[in-house]
């Protein structure tokens, strides 16, 4: 240490009040302990669940599993059709729900002049978040499937799920917008930016991490959903014949297939599907983050 | 006077079309949520009220016997309501603190490298289908619970043994399932707290922990409340997983009883039911809906009150 | 013949069908119709029938390449509702139709019989139950395996959710309607299997075709649950798989008729056996 | 004073933050090609007044405004007014530097881009000219692409001035533009203002009375929301009419 | 100068923001019961230096520090150091006011509460005393429970001073504490500093040379990261040894 050479401690006060005296604050230690405890519980549970799913699922995965559709005659099982359907449902749902959700959040935070309207909308959005998915399923079936005549189709499923994940995206975006400092807004408006320009160039980039959080949670809801999709998107497992036509056809996601496997007590296949699902979620999440980075104008350095 | 073209008055569309379009679009988006809730509400009321009158409101809400498919059906859901209230409340009491603390850990305490591993994992957790949670519950949690159950009720003749499928299992699974929502939203709220507030607190001689709890958490309050509200929504709306681990028999919500939640009641019977039974299931949906509204109002009142007091 | 031609009009999704209603001897006319039949059939209903329904549609579509058979699995009740209101051609139900459903003009076409097996955890030493013992277990009179000659451990009674086809059949056959004291009412066959396998002292009932060695299969009255025994009538737990139609089969479109013709043909019966079920009649 | 062209007129302006009456019956004229200074103790309403001139107070939820503000004889609180256009004409530098979380370059180019300038070399040009105007170019020319948040306090303040200049407004409102600056940078900014007034109308808030005497043509003295005195600068400082003004400028106040 | 007790010693301090060498071999002593002023052009490293003294720069990720800073002869960059204790001893007022989004009262009571004072009347006392010290009490005593974000720029600055006072540090670092204040408030803060130095050690950054001459015992002149000259204030301003110092204080610089 450089200060070894320096004068020995002379002032009494310097000893008693020395900045080297690491004082132990009991409440701090307790709270730190609590933080570590909770984090380790979460992380252990997390690792446990993932580990279990992977250990049981990976042996099930084979080329055939990944590249064929189920065939009872041949007695083979494969999920490629469901993988494709999952991608369809996720992409279409996000294409519908993200603009709507982000738009609603922008309206609530930037346009609505406070007061009752905002509170009502916030309240309804939060209510929407607590409705069990089967109700969405039944509603989607009745409204999109029957009334609009879309039947069991990927589109019906995606529309239904869009309503379901709307609260997640809206509320998280709204929170993110709230945290953007007021000074950014006045800075932009003060030099004559139109509101929309200000939103586009300052608010959305700043709020991007929050929006991505919402989208990622929404992706989780979409891929993990079974009840709502069973009644709306159906359970078709064949590969699409044409790209856009598939949207109007029945298509079961991986989770639907997983659910049906559960019915038949085919746990191995179920865990295999779960593993594939996790990999897909990881990929989509990564993609979502990547795309959001392109939006972000913030200079990331120094 | 300057030439007219320089006038600050908007006049003919100098508030550009884009600007107007943007405002209109956002407004439409904003009211879309209301529209969605309104139509779903309408749908539930239309489907759910007939049974209320056919069976009788009191018989449904305060009856304790659920035998929908019997020759003389009975549609009492009191225990189911109580289970939902107690179960959800407990799950929130366990899940929310763990979730928020984990978020604090990820945003404030953990080294960046650890965060970068854990965060995507938490996000993955959100994508695991609830059926899998249920299956894991049956395979891992329930046997554990059963061991405890056998110890506690050894020799009991009145207790119906459930194999570990009980209220506690359901609460634990629910608490686990809301973690991703609570952790992710809280974490991004914490990260959005401006750095200068941390500097200000540290410069006053606050420890890191004091800074987190006295300055950062209060500043992130609004986001954390949202996390709690959305997490609560997830807990109330979840059915698939808990129907597997809770036993799903209609009983008093005691820790080691097999219990049924409102959502489970709807999900597991909806697809096979017919006639009056089905209508009653919609009535349960309606009850659940009222229940959600009530919780939201309570949460809003409890949590958001403090927020407004110092904002003038 | 088509006596009620007007009723079939709204249901049919056939775009072009054979004009001649030759249904009597389809085995010979099969090759012709295969090239002529075009269109799609929609089936909606029971998840228990998923294996059978997907197998059927796969084979049928192979046979008639221009036909699409789309099966959805949302539950018996929803299936019957769909066929009642005309949004599906066929409603799959893993239980008998109720009188009120029949009253709406829905026909009950039993296409296969499914056996119900009683299972327990693999370590259970009891391997045979009489009908009365089974009834006593499920109505809560017997609560410990030692009363049945097994180990001293409580019985964990597992069943399916109210309204399930399997449960309805099980309770009807044992005359246990409204009398069961379940501690677990699980909403899928797989869940019952998993629970039974992982819980000491458990007992539950499942479809025959999902049996494997993770659970112990009980003999009832000393009879093994095998297709032969069910066919012979010596194993008493079974239930029908119904493919309900709006009106009799003869009133259906040519496509649907062809489907039923196939099911009732020898080839169809082989298919039924192949998926672990017992052909009807 | 009355030989000048009036650019902005304020008539009986009252402003309330909730129940707090922050501006009391303020009536003032700002003149074209003149610099007007606002002085007064902290919290007396100078920033608030400045913000009413380009309607930045609209953003505060609890605010209530009465009275009239005319820009070129048009009431800026008229519902038909396009605030965007208004704020393009009346630029503002805020009391607290508020750079955007972007690069230095993007901060300055933000305004011109809004108003449709896309051409790279034209933008480069504007950025350089504005940064030079704000006496910041030498310090940052080699790190234009770095984040503006890594600048020192005074550098951020000058960046915000540059950002406002880049839009070329007709009126420039500056809220203590040199509070974080050393004397040399301050002089440069004062020179800039002197140049600007050739073309524009300038209003500044300052706590530095020397600064006011150096650059302002007219000066208004605020006290608890009121304009106590408004006069040509030399007059106000040498022969104040109001006792309170005299107390304040001689430092005897409070 | 060497008759005084040294409170803080800096030996050969170098600081880098990434590749930007922001402090170059700075060696300085701060003395107990003295006010030290730092002057120099914007961006020369004054704030950076101040922040190294209570290790606030630790929070900037890309920062690299070499050299030694001793507080009462203890190295504050020693790994054993409790930064919390350090920062309780060395209080700081930042260049940009950063009130917490809480009420005015809670802002001031924040520090005392952190250090264990729970008693309501004791807290009330501290809050009142601190706000009075920062010359803010009169303006806010009737709105203590309102949000601190609704204060004017100068009020926020004084609030941050009050907040730092409430902790009663041994050393007080103030980064341009009066930049947003009118002359009268400024004088009050200067009086306060004069009082404070009876008990504490005070260091301030200022752009106002009059202020430095009025209150500082010693003054250091910074230029592009270097200490050009450090001397008793009167000496530095009347007989600067370095040509660059002379240029700067006479305004001939740059």
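A few remarks follow.
Read from first to last, the chains carry the letters A, B, C, D and E; within each, the first residue is number 1.
Criterion: a residue touches a chain if its C-beta (ideal position, glycine included) is under 8 Å from a C-beta of that chain, and two chains touch if they have at least 3 such contacts.
Which chain is which protein? Per UniProt: A = Phosphate transport system permease protein PstA; B = Phosphate transport system permease protein; D, E = Phosphate ABC transporter ATP-binding protein.
This is a predicted model, so every value here is computed, not measured.
Chains that touch both chain A and chain D are the following: B, E.
Greatest Cα centroid separation from chain E: this falls to C. Centre to centre, using the average C-alpha position, chain C and chain D are separated by 81 Å. As a whole-number value, the distance joining the C-alpha centres of chain A and chain B reads 15 Å. Chain centres here are Cα averages; for chain A and chain C they lie 38 Å apart. Chain centres here are Cα averages; for chain C and chain E they lie 82 Å apart. Residues of chain D in contact with at least two other chains: 17, 84-85, 89, 96, 150.
Taken residue by residue, chain C touches two or more other chains at 47, 74, 78, 190-191, 194, whereas all remaining positions touch fewer. Listed for chain A are residues 181, 194-195, 259, 262, 267, 270, 301-302, each touching two or more other chains. The full set of touching chain pairs reads A-B, A-C, A-D, A-E, B-C, B-D, B-E, D-E. Residues 17-18, 20, 62, 68, 70-76, 78, 80-82, 84-86, 89 of chain E touch chain A in their complex.
Touching chain B in their complex are the following residues of chain C: 47, 74-78, 80-81, 95, 98, 100-101, 140, 143, 154-158, 161-165, 168, 177-178, 181-187, 190-191, 194-195, 198-202. Residues 54, 56, 59, 61, 83-85, 87-89, 91-92, 94, 96, 98-103, 106, 110-111, 114-115, 145-147, 150, 160, 163-164, 166-167, 169 of chain D are the ones that touch chain A when the two sit in their complex.
By the touch criterion stated above, chain B contacts chain A in their complex at residues 15-16, 18-19, 22-23, 25-34, 36-40, 43-44, 97-99, 101-102, 104-106, 109-110, 118, 120-133, 135-136, 140, 176, 179-181, 183-185, 187-189, 191-194, 207, 209-210, 212-213, 222-223, 226, 229-230, 232-234, 236-240, 262-263, 266-267, 270, 285, 288-289, 292-293, 295-297, 300.
Across the complex, chain D is touched by residues 17, 39-43, 47-48, 95-97, 139, 150-155, 158, 175-176, 179-187, 207, 209, 248, 251, 253-254 of chain E.
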